[in-house]
Structure formats: structure tokens, C-alpha cells
Amino acid sequence: MDIRDILTRYKEGEMEMAEAERLLRLDFIERIMDHTVFDHAREARKGIPEVIFGGAKSPAMVAEIVRAAMETKEILLVSRATPEHYQAVHNLVNSDHIRWEEKARMIVVDRRNEVERVGRVGILTAGTSDIGVAEEARIVAEAMGCEVLTTYDVGVAGLHRFLDPLVEMLRSGVDAIIVAAGMEGALPTVVSSLSDVPVIGVPVSSGYGHGGLGETALMSMLQTCSPGLAVVNIDNGVGAGAFAALISRRCNRK
Amino acid sequence: MDIRDILTRYKEGEMEMAEAERLLRLDFIERIMDHTVFDHAREARKGIPEVIFGGAKSPAMVAEIVRAAMETKEILLVSRATPEHYQAVHNLVNSDHIRWEEKARMIVVDRRNEVERVGRVGILTAGTSDIGVAEEARIVAEAMGCEVLTTYDVGVAGLHRFLDPLVEMLRSGVDAIIVAAGMEGALPTVVSSLSDVPVIGVPVSSGYGHGGLGETALMSMLQTCSPGLAVVNIDNGVGAGAFAALISRRCNRK
Amino acid sequence: MDIRDILTRYKEGEMEMAEAERLLRLDFIERIMDHTVFDHAREARKGIPEVIFGGAKSPAMVAEIVRAAMETKEILLVSRATPEHYQAVHNLVNSDHIRWEEKARMIVVDRRNEVERVGRVGILTAGTSDIGVAEEARIVAEAMGCEVLTTYDVGVAGLHRFLDPLVEMLRSGVDAIIVAAGMEGALPTVVSSLSDVPVIGVPVSSGYGHGGLGETALMSMLQTCSPGLAVVNIDNGVGAGAFAALISRRCNRK
Amino acid sequence: MDIRDILTRYKEGEMEMAEAERLLRLDFIERIMDHTVFDHAREARKGIPEVIFGGAKSPAMVAEIVRAAMETKEILLVSRATPEHYQAVHNLVNSDHIRWEEKARMIVVDRRNEVERVGRVGILTAGTSDIGVAEEARIVAEAMGCEVLTTYDVGVAGLHRFLDPLVEMLRSGVDAIIVAAGMEGALPTVVSSLSDVPVIGVPVSSGYGHGGLGETALMSMLQTCSPGLAVVNIDNGVGAGAFAALISRRCNRK
Amino acid sequence: MDIRDILTRYKEGEMEMAEAERLLRLDFIERIMDHTVFDHAREARKGIPEVIFGGAKSPAMVAEIVRAAMETKEILLVSRATPEHYQAVHNLVNSDHIRWEEKARMIVVDRRNEVERVGRVGILTAGTSDIGVAEEARIVAEAMGCEVLTTYDVGVAGLHRFLDPLVEMLRSGVDAIIVAAGMEGALPTVVSSLSDVPVIGVPVSSGYGHGGLGETALMSMLQTCSPGLAVVNIDNGVGAGAFAALISRRCNRK
Amino acid sequence: MDIRDILTRYKEGEMEMAEAERLLRLDFIERIMDHTVFDHAREARKGIPEVIFGGAKSPAMVAEIVRAAMETKEILLVSRATPEHYQAVHNLVNSDHIRWEEKARMIVVDRRNEVERVGRVGILTAGTSDIGVAEEARIVAEAMGCEVLTTYDVGVAGLHRFLDPLVEMLRSGVDAIIVAAGMEGALPTVVSSLSDVPVIGVPVSSGYGHGGLGETALMSMLQTCSPGLAVVNIDNGVGAGAFAALISRRCNRK
Amino acid sequence: MDIRDILTRYKEGEMEMAEAERLLRLDFIERIMDHTVFDHAREARKGIPEVIFGGAKSPAMVAEIVRAAMETKEILLVSRATPEHYQAVHNLVNSDHIRWEEKARMIVVDRRNEVERVGRVGILTAGTSDIGVAEEARIVAEAMGCEVLTTYDVGVAGLHRFLDPLVEMLRSGVDAIIVAAGMEGALPTVVSSLSDVPVIGVPVSSGYGHGGLGETALMSMLQTCSPGLAVVNIDNGVGAGAFAALISRRCNRK
Amino acid sequence: MDIRDILTRYKEGEMEMAEAERLLRLDFIERIMDHTVFDHAREARKGIPEVIFGGAKSPAMVAEIVRAAMETKEILLVSRATPEHYQAVHNLVNSDHIRWEEKARMIVVDRRNEVERVGRVGILTAGTSDIGVAEEARIVAEAMGCEVLTTYDVGVAGLHRFLDPLVEMLRSGVDAIIVAAGMEGALPTVVSSLSDVPVIGVPVSSGYGHGGLGETALMSMLQTCSPGLAVVNIDNGVGAGAFAALISRRCNRK
């Protein structure tokens, strides 16, 4: 029963003013908020996947959460998942609609028939240790309808190796570039200084010793001398992918 | 002398192969890089203001840097400036082209005749302590051609007060929203969870005690449970403004 | 125009459904929230003083904020104030209604005729360095209508000196005890282990060297082996006073 | 032999002064302290459960501690327990008097016939990761005689989902609300800003990357801009439950 | 009125049992504790100087504290004092009994006629920056009756320069050696590895950059591979002096 | 060949000056240092046990180190040992001379016929988690010839429970007291404030959350307001035992 | 096709100017950079081994990386390797060209016939825990053609034991000395103060408690009072070996 | 009286064996050590300047230290000096032998007639904030006899600007390159990856917010993925200069 229903029934005498008021007030607060303020965001947000953090949750618990989420969501992801999580979830879903992304350690449940492609996002990473986080970002951005260009195989030869793929990405019209980097985390700054699109840095928890586990990479990206670079938390590929996709969707809205 | 000149003169015999090779190699390395790889970014970057960090630099040193920068730049900003910095710089510039932004503590030197407006950016801040950083962001975004909507006067009444200005911003079509926040830094997460555009969080070095000076705000924004939020360093209004403007320019390119 | 007015006018045909809906939706969202959800808290919160953080704000800025706040508030406090802040604020208020609390560095503006006393709160501190923070707590708790018992003069003789004042406080029926402590911050744990009322620890930024500036005291209170102790931030006398007063008001509500 | 006995026997000549003095002095110091200063707290504290930290202790060691504690205590809890701990303890207690709380990982030994209910406490948590800590708090508060209202199932939809259960809690007359939160830890501040009862924040060691493991949540709660919020250590559900119950018992004492 | 008085008067009928009990209980708790448990320590502690932390306290406040302390103390020290503090305190004391120790920044008030010398303590420091802290230790140890051997002038030539003074100290029979050191703080470990008496390390807040301000020195001393070294807080010359003197007094008690 | 031998042979013409000089110089540097400077310490140090850190070393490696050390040492200890370490070492030693200390996780190899008892040391600990560290200290102090009084069973009832054992220790003439404490680490400060002998605090890596793993206990002991307390590193029972024994040996030297 | 080819073919009319320009520009950028700027370093760098970080990578992944790297490299190392890694890699390489370095946990693949020895490097370490890191450095330096002198067996007797091996190293003409040290990390400073060659400190992640895991050692080396000491990250034996070898190769270039 | 004198006089009967032994032992320990072990380093170290840390020392104290040092040193430097320090020192030295280096904030006292040039060192820095630290390094390296090539004016245009000066440095035959960098500190890694000589990174305490004051730059350099880079402490230009000069002197020794 929405506001119009209440107003109609009230006017037609089917409802007392006190009742109408009660419904419009507290009991309906959430619905009103949803339908008013949040309508704006909601519509735009359509297609943002629900992301469930697998982590230390038991397969049974993850399966239970997935089951509940599937009642309202067409697409949902489980991050930091294990093969055991996948086993537990697999039976709940038509096998056409579920897949296991090994490198990203993600379960993807997608029951949409077809996803309209909007915009293009680039993802760069220097080392092999950063690929998992980069893949997490790719899957989220693709789930949000973006085409994703990735270059993970920059190799260990030196910083100059990323120039070609970067130029190619820029030429192909990406709206944002995600750069995942561990250790000293210099790559996002270099990419940002050469690009005209926003760059999102994702520190990766590689490295050891002082400043290891991504802290140095995070600091480097925050201390960057290049405007045009913003950061998400260490290993937060999900956040980077969603952020980049938001930009790209915005840039390609009709 | 660009590549074509060298090739022409070499073909016409005005230049030996060794000399042509030499010119094409090391001595020209920077020029080649500039004209090739970086042309792409350069053109797009046109209009990004040079930002000089005033900080502890002496007025004389700032004036010298400004003088040098003015030879190649039409627009440049001095951040973390003092009135003394402004005095020292003022004489170097036609007074129509310079102004002092007190709240942002910025000197703006802008010799462009007219700046094409591209895109729209929103800036929100809860407390009065955050206004300086927010203003820094505004000036950078405006210098990059964006229209900026600001709401600093949310007051101390509670989190729900920002709803109206936020909805208004979203309706007016901002492409990105900057949220500056100190202390516990919760506002960017809330804004992001209600918006369909990318949100850039700027932690502000207010607060005292454990986690003061912006560290809590930074952490909160990194730990956010809302995808769609990325962060720049504490007090880095310049970075936030440039990042938001890059998004907005991208979304409004022709 | 409240919900009833809208409903009335709509039923009587003075208002179209679209208009009624519009008013009930976005434009009224804050009013509805205020009058519905927040009525509950609002009434209860009556009498909680507005606290303005003076800190590095200029006297003029503080005066401006005070002037604005006085339009809606009967009682308001300025914390971390200076005599200069007091000078700037003094002229705005009838001198019967303003006073300068030197030890707490607080300006108290109180235009209420009479404050009903509800409940009793104790405040203990071991060293002379903790008195400022303790006084901040006292003023806030008194502003909220509590009677406050303080014992700051425990002296330097040893931990056992606080036993008498503590027993006296407990006998006099305090509903909560605030203990401000710097350096190793052991006192709150000891007090809590001897008391049957909740104890609020306030770490104080005294101490030097490793763990100085209140960090050790904060950690000690968090690591306490005594249930019955909760903590506010370093030097946050305001928070401690308000928290204790909330307890005491609750315990003495009618 | 208490003080009166000593005085009596001394007066009646059954005891020399030296002996009386000796007994009253050192050898009796603890008894005197116990019977004098601490009588006050002791009586009030009656019913506070002994909580044994299981953690890395072996099942045998925990069983031994429980056996010893059961000589003087009617109720005792083992926190951070494992099923192995439970096995080891189970045999020591009549099975009517012991139970295993799985989510809280707690063993509850309660040999009281009936516990008088005093007061009401609310517990809120946003995510599923926070439930263990919240359950720990619930069990402690219930052991102390409080009725506990919990809402763990706020879901992942957004901050506004907690409004209804919060209002319901406030209406049902809770004397204190515990809010367990990990990651950015914003919920306790929001709850506190909407409530007129004291709120106890429990940071939860979820989250990863910079500020993970509860540090961000702790800092957020300490940096809160809302008076009326105090904090216990990360994951310290026991402390939060005891603190809230102390408030509620105080508010409902006869 | 001590315990014997009470017992006597009670036996002689001058006091009711209730009154005797009351006196023996709460009201006398501190006196009983003092006269019983603490007699032991008290006698031994005779001669430990009261040390007042000057720091940021105003000269007037320090003077007030000194005036109060002089009622019960024959010797007292003000640490971290300024010449202004000295001016304020000077008038309160017969000039024979007060002196200003510039390098230690200490005011020494000593009204004892003569101090019995007990034991010998050594103090070593490598750099000139450590002398202030070393002097603080010397003054406290001397006030406690110890003879103090100091070697501050080890010079900058290298670690081996301290060998001669160290051997001399050991031969002269010091019971403990204090070593003050900043920067990398290696000296205490070396001294300890060469000595058969306990060594007390005092980290000094010199050094800059990563680990500056004494943190590295503190860590080095805690991580020492030499048993026989214990540590006090950074810059805590007072604690080191008192600790060393306690050892020396113990070793030379009759 | 010592210095006298060289001198004799040189004088008697059996050695050239160049050879004598060579021997006295570099090649003999260590011997000279040993026999000269370090003789002093060496003699006094006789009886200090060699302590081998077992930790992650393999049983074979530990056995090898023990075998080598036994060539020159009569007593040696292996700390942080496992039963596997003990197995590996056991065969190397006459079974009368080796034992396994389970609580301390130490292997003790002692081939001395009889150890002269010198001095007395006390060890106090509040919780059961601190016993391992305390035992480590006990074994080292006993190996150095001290009699050790321990009180581990203070229980969980409150701070006042340690008064009796403390007074007893002081009366029995301990020369130093070791206090092992985790969590908030308040006990060493309290003991020190009541004692006239030096107190050595050992932080224990218990506790969880902010400041857990011994950091709070370490900080508390460093920030102590009681002179007479020095500290060793977290869990460093070996260092505490050796330090206390050095004091006690010094106080009881002939 | 290098620059000369392009120029030749262009001049001879086999190529249009546009094509020549295109080739010289973007598509050739990397080749040009390589052949120009980087030729310089490349030649000199010949012989620097590729080092693959084994760590948590699966044996299969390491084998795959090794297989790829062997296409272009004659020598390559796998650090932080396990026997499982070695098994997986072993089959790919002629067994004459591969070996397992157990202490360094390194796989060495070296297919060069003979390596010219250039220069000499010393490696010192005090404790047995530092040997693994030291061995890592040795293998890298040897792979780069240096002769390496190591002294790991300094023993636990005290700092003076390293004097002999140090003097011997200096006399044998090492160009640089690597000192690996954990815990308080004092050895590199002492070595540096006695040496006339550059000393490279490698902090080792031994030690426990406050500043454990190499942090203290790192800080000590950074805070050193001895010029002539530089540092690499904790446990970074690879970096230390490569750095020392670079020095030594430079000092012995022809 | 050196060893030979002693031996001679002893053989000739002018000295008893006991006296000879005594002289050779303790009293001579330092002399023996100096003349034996340390001769080696001493000779090589000739010309290393004494560096006095000015910092917070008073001009009078600095002058006193300089006066004393001049008795044995021909060259000495005062770092972190002020013009006031220079005034105080100026009068002590012939004005031909002293100069004030403003950018480095150093006083240089050099009384050598002529310094032999040995080797060549390069210094690079990106920003104007790094020049002071770079100059400190230059002065120390020059005082040690090296020719120094500096490029401070890389500008703010981007990372690629340093390529030309770097290549020039490498071609001119520098033996080591110092790179001073603040903020994210990426430059040393890039330089190292392009160079065949050792690179010494000096983090500079610029930058603000999280990881400011040089901490990020330090971490970046420690986490570098490029072997061939070692680090000194934040702002330690002196250490970097001395380290680079040691390398260069070694590489150019005769």
C-alpha cells in the first residue's frame, strides 16, 4: 500500500485520519524513505550486485545467506570464497546461472538474461601477486555491465613495459583505470600521471617486512604527487570495480 | 625539429644517417615520448591547473616558482598559502588575473579569458572545520571547468540533515560528490550508500585523542561497507577536486 | 503544515493528490522524520546542552556560531575555549546567563531559569593534570541536571588514598562514576572493581615517552580486567559527563 | 572470627592485647577490608557472573578452574570456549545447570533456581559477523538478570534499516543499548544520536586491510561526534553486557 | 588514636563495642592500612624524595604544590622545571635548602641536615644530548643517599671509548649502572654484556626520522640479547635514578 | 700462552720482539681483552646460565647447539622449548643433570654438584596466563643461585588479594620482586608503590583487541607513576629472572 | 627492424614518411627506449639474476614462471622456496644447472658455463637465526660473480667476538660488508664504525615482544650514529646481496 | 710509550714483569685496540669529516664542541645549523676556512690546503622540498673528496623528465647515485631500475596526512622491487653522502 493508496482510501472514507496518519508516520517510515529519497538512487543502482563476504563464514552459512538474497536479487557475488563455499552454493542455483571464478576466488550467481554493456574500464597490474585482486575488480565491473580491458602480464622487466597497454587502453576509450599494486605501489601514480581519466588505486597485501601487507602501497597512493588518483582499501577489488563501473556508467548514461 | 623534419632533411641528404639516428635516439628521447605516448594525455589534460604547495616555503621562493610556472601555464594555484605568500605573488600578475581565496588558503592565478563549463560536481561537509578542505576542492574543480554545488552548512543537528541537499545535488545532475569529513568520518559512507554517482571521501585532520588528526576518518572511509566510495589523503582537497573534475569532464566530453 | 493539515486539506479538496503526495514525500521528508522517529529521542534529549568545540576557531567564528545556536538553544557550552573566546562571546549574552569556567576552559551559556536536579554523578581523579578534563565532565553533567560529587585531591601518596572518597560517593548514591586518569591509567580499573555502579574512564593526555599523551591510559582502560568499565576518547570530558548524566537521568526518571 | 568476636574475647580476657592487635592488623587485613570497604560493593555485585576466559587454555585447565570456582559461585561463564572445553566441563555439573551457547562460544553454568528480572537492555548489530560478540553480551546481561532485546538481522540494505527496531527498543523501555559493529563502525554513533539512553559500542574484529580487525571501528566510536556513546575493547562482548546490565540494574533498583 | 588506644578504651569501658568496631572499620581503614601493611614499606622508603613534574604547570601552581608538600617532606624535587618555576619556588624556601640544577632542569629542595651515604651508582652516557636525562637520574640517586659516579664525556670517537670509565666504575664498586642513550641506543646492551651488576637503560628522545624521539632506543633496550638490562620509559631519568638507588640501598643496608 | 709467557719467552730470547709484538697485538686481541677488561665481569658472571632460544629451531639444531655449549658450560637452559626439543637433547646428558620444566617450557641442563644459595627473589602474578613467563623467571633465578618465592595463585577476586603474599615476601627479605602481568598490567605499579625493593615488571602477551598481546601491559609499566619499577620486554621471563638474580647476588656478595 | 633499417628503407623509398614516423613513434617506443636510454644500464646489468619470489605461490605456478623466464635468462633464482617448489622446478632443468640451497631456501638455476669472478664481499651475522637471510645474500652475490666471505659462527659470547673475522675480511679486500642482525640489531653499527668500506645492514625478523619481527633491528640501523651504513628491508637478503655485488663489481670493473 | 717501548724497557730490565703486564693490560687497552685493530680503518677513514648535529643545541654549546673538535680535526661540519650557530662558530676559525651553506643549513670548517678528488657521485631530486637534504649529502661527499653531480631541477612535469640527467650521470661515470624523495618516494626505485650503479635512497620528511613526514617514502624505498637500492633514515643527507662517498672512494682507490 503506497502513499497514493492511503490517500485514496482516506479520501473515500475507508480510512480514518488517525489511521492514515499512523500509516504515513512511523510504520511507513522506511517505505516512505525508500520511495522518496531513495528512489533516486535505487533506480540508478539497479544492477549493482550484492556482494557477500565469504571469508571465514562456513559453507552452510554462506549458502543460507545466498538463498535469502536470491529472493530479491538477480545477481549476487560471493567474494573471498573457497571451493567448499562453491559446493555449498552450487545446488541452490540453476547451473547456467552460477560460475566459479578461481583467480578471483569469487562465486558469481547471475540470473539475468542479458546485460546491457555500458562503458569500458581498464585494469592494470604489474605482478602476478596482484591478479587475484584485479580479477575481483573485473568481475564486479562486468556484473555492472561494463566492458573490461585487462593487462596483467606486464612482467618484471621494468616500469616502461606498461606504456603500450596503457596507451591502448586510453585509445580504446576506457572511462577509468584500476591499477592494483603491492610492495612499493608506484604504478598507480605513474599511470595517473600519464592519463586523462580517473585512476583508482588498489593496494595489494603483498610485500613483507616494514610496510608489508599493502601498507606501503596504500601510503604511496595516498601520498601521490599526481592528482587524478583515488584509493580504496587494501585488497578491496570489489570496491575498486564498483567505483570504476559507477564512473563508466555515469559517463555512458543516455 | 620534429621527427618529420629529421626524416625530410635526412632524405634530402642534408643530414647523415648517424646524425639522424643520434637525434632520434637519446637526445630526442624526451621529445619523442612527449609527442607520442603523452600527446594523448597531454591534450586531454589541458586546463588542469598547476598546483604549487605553499606550506613552509618562503614567500620569495613561492614567487619565484610562480614566475617560472607562468611562462608555460595559463592557470596555476598555490595551496596552503598565507597572506604573505599572496603579497609576494600579487605583483607578478595583472590584478584581474589573481585572487586570494581565504577559506581555502589558496592563491588563484587564472589568465584564461573564459573557461568552458563542463559537468557538475557536488561538495558536502558536515562541520565547520571541514570547510577549508572543501573549498580547496571547489577551487580546483572550478579551475578545471566544472560547476560546483556546495553544502557546508549541514549544521550540528544530526546525520539526517544532509538528506535534502544530497537529493538536490543528485537531481541537479552532479557527476561526482566530494564529502569532506573529520572525526569519525561517517558521512561519506552514508552519502555513498544513498547515491548513484561516485563519491570521493576526503578525511579532514580534525579530531583529537586516539585516531585524531584525520586518521579515524581515513580508516572509516577505507573500511566503508558501501561500494562507490574512494578516498584521497587526509586534507587533500586538491586531489579530491581534481579527481571529481576528471570524472565530470569525462562524463561531459563531446 | 503537518501531516494532519495535509490530509485535511486534501480530503476537503483544497489539494490535489499529486500535491499531497509531493508534500508527504521528499519535501517533507525531514519534517516527517523529525516528527515521527525522532520525536522519541527529541523529548528525552531536552536539556542536553549544545557543545561547541572552540579549539583553533577564531573568537569571531565562535561568537558567530554561538549567536546562531542561541536562537534555538537555552543552554550551550564552548569547550577548549580561551579567554579571547570568552571576550568575544560575552557581549552576546546577558551577563547573568554566561560564565567562564577557567579550569575546564569552558564558556557556559545557560538561560534556563532553573534546572531540575535529577540524579547524582561522581568524578574522581588522581593527579592535578587530570582536573581540567574532570571539570569539563562536571560542567556537562551539571548542565544536564545532575548533582556532581568530585574528589580531585587524592594526592600523590598512593592508590589507597581514594578509598574513602570512593566509599563516600557510593554511599551517597551516585549512579555512575567518572574517573579521569593519565599516565598508566590504572585508577578506573581499581574503582570499577570496587564499585557496583557503572564507571566511565576518561584517559587524559598527560604522560610522555612511549605511550604518552593518553594512549597508555586508553589502552589500560580498554584492557581492563574489570567488567563495569567503559571508555570515552582521550581528554573527552564532555563525552564522559554526558554519558554519566544520561545514566543518572535514566535511573531517576519518573 | 570477625571484629566483634575479637573485641568480645579481648574484653573478656580471653585474648591479650598483643594478640588482638595482631589479629586486627596484618593477618586480618584482608578480612577487614573485605568486611568493611568492600561490603558495599559486594552486596550490590551479588549475581555478577564469574567469567573465565577459555581462549588457549586446555580443556583440562578450564575444567579445573571451573571446579574451583563452583565452590563459591552459583553462576559462572566460560567465554571463547570450544566444544572440547564444554566436554571437559560438562561432567562437573548437573546437566540442568549447564548449557552450550554456540554462537557466543560460551559455556553457561547457572545453578540458581530462579533469577529475578531487573531492567531491559537492547542489542543491535548490522552484520552477521557481529553476532558472536553480540551474543556474548546478551548472555552476560541475562545472567545478571536483565531482559535482553536483540536485533541482529538488520540486513545489508543500508543504514536506514535499523530505524524500526531501534524505535521499538526505545519504546519498550530499554535502559541501555549495546551496538556491536565492525569495519567502519558507524552504527553506534547513529544509534546514539537518535537515542536518549546510554549506548555502549563494541568494536568487532571484522574488516581487513588498513584499520581492519576492529581498529577502525574502535577509533570511530572514540571519535564519535555524539555524546552518549562509550566504548569497550574490540570483541569485548562480556564487558559490554556487564556494563549495560549494571546500568539497567541501577535504573531498576528498589 | 591507634589500635591499641581503641582496644584500651574499649576494654576500660570508655567505648562501646559498636563504636570500637566502627573505628576499626571503615573510618580507620586508611590508618590501619597505613600502620599495618604499609609500615613495612614506609620505613624503608624514608628518604625517597617527592618528585613533582613541572612540565606545563604554571609557576604559581608549582609553587602551591611545593608549599603543600613541604609540610610533610624534608626533600622534594621539581623535574622538567624552568627558571620561572625556580623563581616562584625560591621564595618559599630558606636559600640554604634550595638549588637550581640547570642541566637536569630540576629544582632541589633539601632541608635535611645531613644525608647518610649508602652505596654507589654509576651513570654513563655517550652523547651530549643525553646529559640532561643523566643528570636527572644523578640528582634523584644522590637525594636518596647514593654516591654517584658519572661519565658523560665519552666523546664521539666510537663505542670502545667507554671501556676505561666502565672498568673504573665496576672497580669502584657501583651496585648498578644507569646508561642513558638516544638514537640507536646500543650502549646499554654493550655495557650490560660487560658488567656483573644490573644495568638500567634510559632511552633518550633524541634522534629524528623513523624511530626517532627515543622509540628506537627503547626498542633496542627491550630487544637486548644481554640479560642484566632493564628499562624505564623514554627520558625518565627520575625513575632510573630511583631504581638504581633502591638497588644500591638494598645492597648496603645494615 | 698468556702475556706473562710471552714476556718471559721474549726476555729469555726465545722470541723476537716482532713476534712478541705480533702476539700481543692483533692475534691476541681477543685473549687480551678477555683476560683484562672482561676478567672483571667474567668472574662475577660465573654461574650465569647460557640460555638458548628454542622457538622455531628444529630439535636437531637445538641438540647440536646444546652439544657444543656443553663443552664449556656447566649449566644451560633452552627456553621456548617443546617436548620434541627435550627428546632430542635428553640423550646428550646424564639423566641426573637434565629436567623438563613444563610450565616454563624450558629444558634445564645443570651439571653442577651443588649451587650455593645467594639471596632471595620474589615472583608475583595475578592471572593463570602469566604463570609460564613467571616460571621462566624462576628457573633462571634459581639457576643463578637465588632462592625464589612465588605466588601465582592470587586468584581473580581483585587487586587486594596480593597484599598478604606481598607482605610475606617483603618480610622474608627478598631483594627484588618480579611481577608478571598481562592485559592492563596494573599490578607491578601497585606492588612497587608498596615495596622498598626494586620491582621488575614483565609484560605478558595475553589480552586481545586494541593494545593486546602485552603492548598495554608494557606501556602501563613504562608510564608508571611509581619510581622503583623497571621493565623487560614482553614475555621476557629469562631477562627478568637474570636481572633480579643479579640484584640479589650483588646484595648478598661477601 | 632498428632505427637504421627504418632510415635506410625510408631513404630508399621503400617506406613512406608516414609509415617511418609511425614506426619511430608509438609502436617502437619501447624498442627505442630499450636501445637508447637503457642500453647503458642493460649491458652493465648483464648477469644480474632474475629472482622469483616463491612465497605462497603454488609449485605449479612457480614452475610455469621459471619455464617462461628460462627462455631469456641464463641464471635465475627462486627465493622463499620450499622443497615442493624445488621438485616442481627440477624437471625443467638439466640437473647440472640446478641446485637446492637449503639454508637460504633458494632454488638456483644457472646455465652459464663459467662466471668471471669480480670483487669480494663479506657477510657477517651474530646469531644462528640470521643465517638464512645471510645465505640468501651470499647466493645472489655469488650469482653476480662476487667472491663471498662469510662468518656466521660468531657465537653468543659477546660483541667482541666479531673483531677477528672483521679484520680478516677487511684485510682480504672486501668492497662491502653485509651484516644481518635481528633483535636489537646493534652489530651493523659496530661493524660500520670499525670499517672503511660501505656496510649494508639487513634487519632479520627474529625477536619477539615490542619491536620484534625485525622492526627494532631496522630502526636501530636507520638511527645509527655511524655514517657508512645503509639498510634494506627486513629479511631482504636478496636486495643486500645484489647491492653489495653492484658495489663490488663497480669497484673491480676494467 | 708503545708496545715496542714496553718490550724494550722490560728486556733491558728497566721494567718489572708485573709493570709490563699491567701496562699491556688494562691501562693500555684502548691504545692497543687503537693501534691494532683500528689502524686499519683509521687510515682509510682519514678525511671523513666529523659531523656535529646542531639541532636544538645552543650556539654557545655548538661553538664549544667545535672548538674542542678542531684540536684534532682538519675538517668538520655542523648540520641542522642556524645562522646563529654560524655566528657563534665564525670567530673561532680563520675566515678562509669556514663557510655557511644556506640550503643545506650546514657550517663547513675545512682547514685542509687541498683535497684530492677521488671518484664521482650523482645526486637527483624531484621536488624543491628535497633540495636541503640533497645539499647536505653533496657537502659531505665533497668533503670526502668526491666530485658531485647534482640535478635538482627535474621540475613538476612528470617522472620522465629525469631520464636525460640520469643518462648523463651514468655516462659521466658516477659510482653511486643518491636520490632524495619525499611524499610517495617512487623516484629512487625508478632510478635504480635504470642504473647499473648502487642507488642510495634518502626519504625526505615532506608530505602530510597519512604516511606523511617521510614515512611513506621510507617504506616505498624499503619495499622496492628493484635490487640495487639501499636506504638511510629520513632526512639523513649526511649518511647518504658519506655512504656514497665511501663507495666512490673504494672504487677509485689506488
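A, B, C, D, E, F, G and H are the chain letters, set down in written order, and residue numbers restart from 1 in every chain.
Note that a residue touches a chain if its C-beta (ideal position, glycine included) is under 8 Å from a C-beta of that chain, and two chains touch if they have at least 3 such contacts.
No experiment lies behind these values; they were computed from the predicted model shown.
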Reaching chain E from chain B through chains that touch each other, fewest steps: 2
Chain of greatest Cα-centre distance to chain A: E
Averaged-CA centre spacing for the pair chain G and chain D, given as whole angstrom: 55
Centre distance in Å when chain D and chain H are each reduced to the mean of their C-alpha atoms: 60
Whole-Å gap separating chain E and chain H, where each centre is the average of the chain's CA atoms: 39
Mean-CA-position distance for chain F and chain C (Å): 51
Multi-chain contact residues (two or more partners), chain G: 26, 29, 33, 37-38, 156, 158, 163, 167, 194, 209-210, 215, 218, 222-224, 233-234, 236
Set of all touching chain pairs, with the criterion as stated earlier: A-B, A-C, A-D, A-G, A-H, B-C, B-D, B-G, B-H, C-D, C-E, C-F, D-E, D-F, E-F, E-G, E-H, F-G, F-H, G-H
Chain B residues touching chain D - in the complex, by the definition given at the top: 127, 156, 158-159, 183-186, 189-190, 193-194, 207, 209-212, 215-225
List of chain C residues in touch with chain E within their complex: 128-129, 156, 158, 160-161, 163-164, 167, 208-211
Of chain B, residues touching chain G in the complex: 3-4, 7-8, 10-11, 17, 20-21, 24-26, 29, 32-33, 35-37
Contact footprint of chain C on chain D as seen in their complex: 37-38, 40-41, 43-45, 48, 51, 140, 163, 167, 170-171, 175-176, 194-198, 200, 218, 222-224, 227-234, 236, 238-243, 246-247, 250-251
Residues of chain H defined as touching chain E within the complex: 26, 29-30, 33, 38, 50, 53, 57, 61, 65, 203, 205, 214-215, 218, 233-236
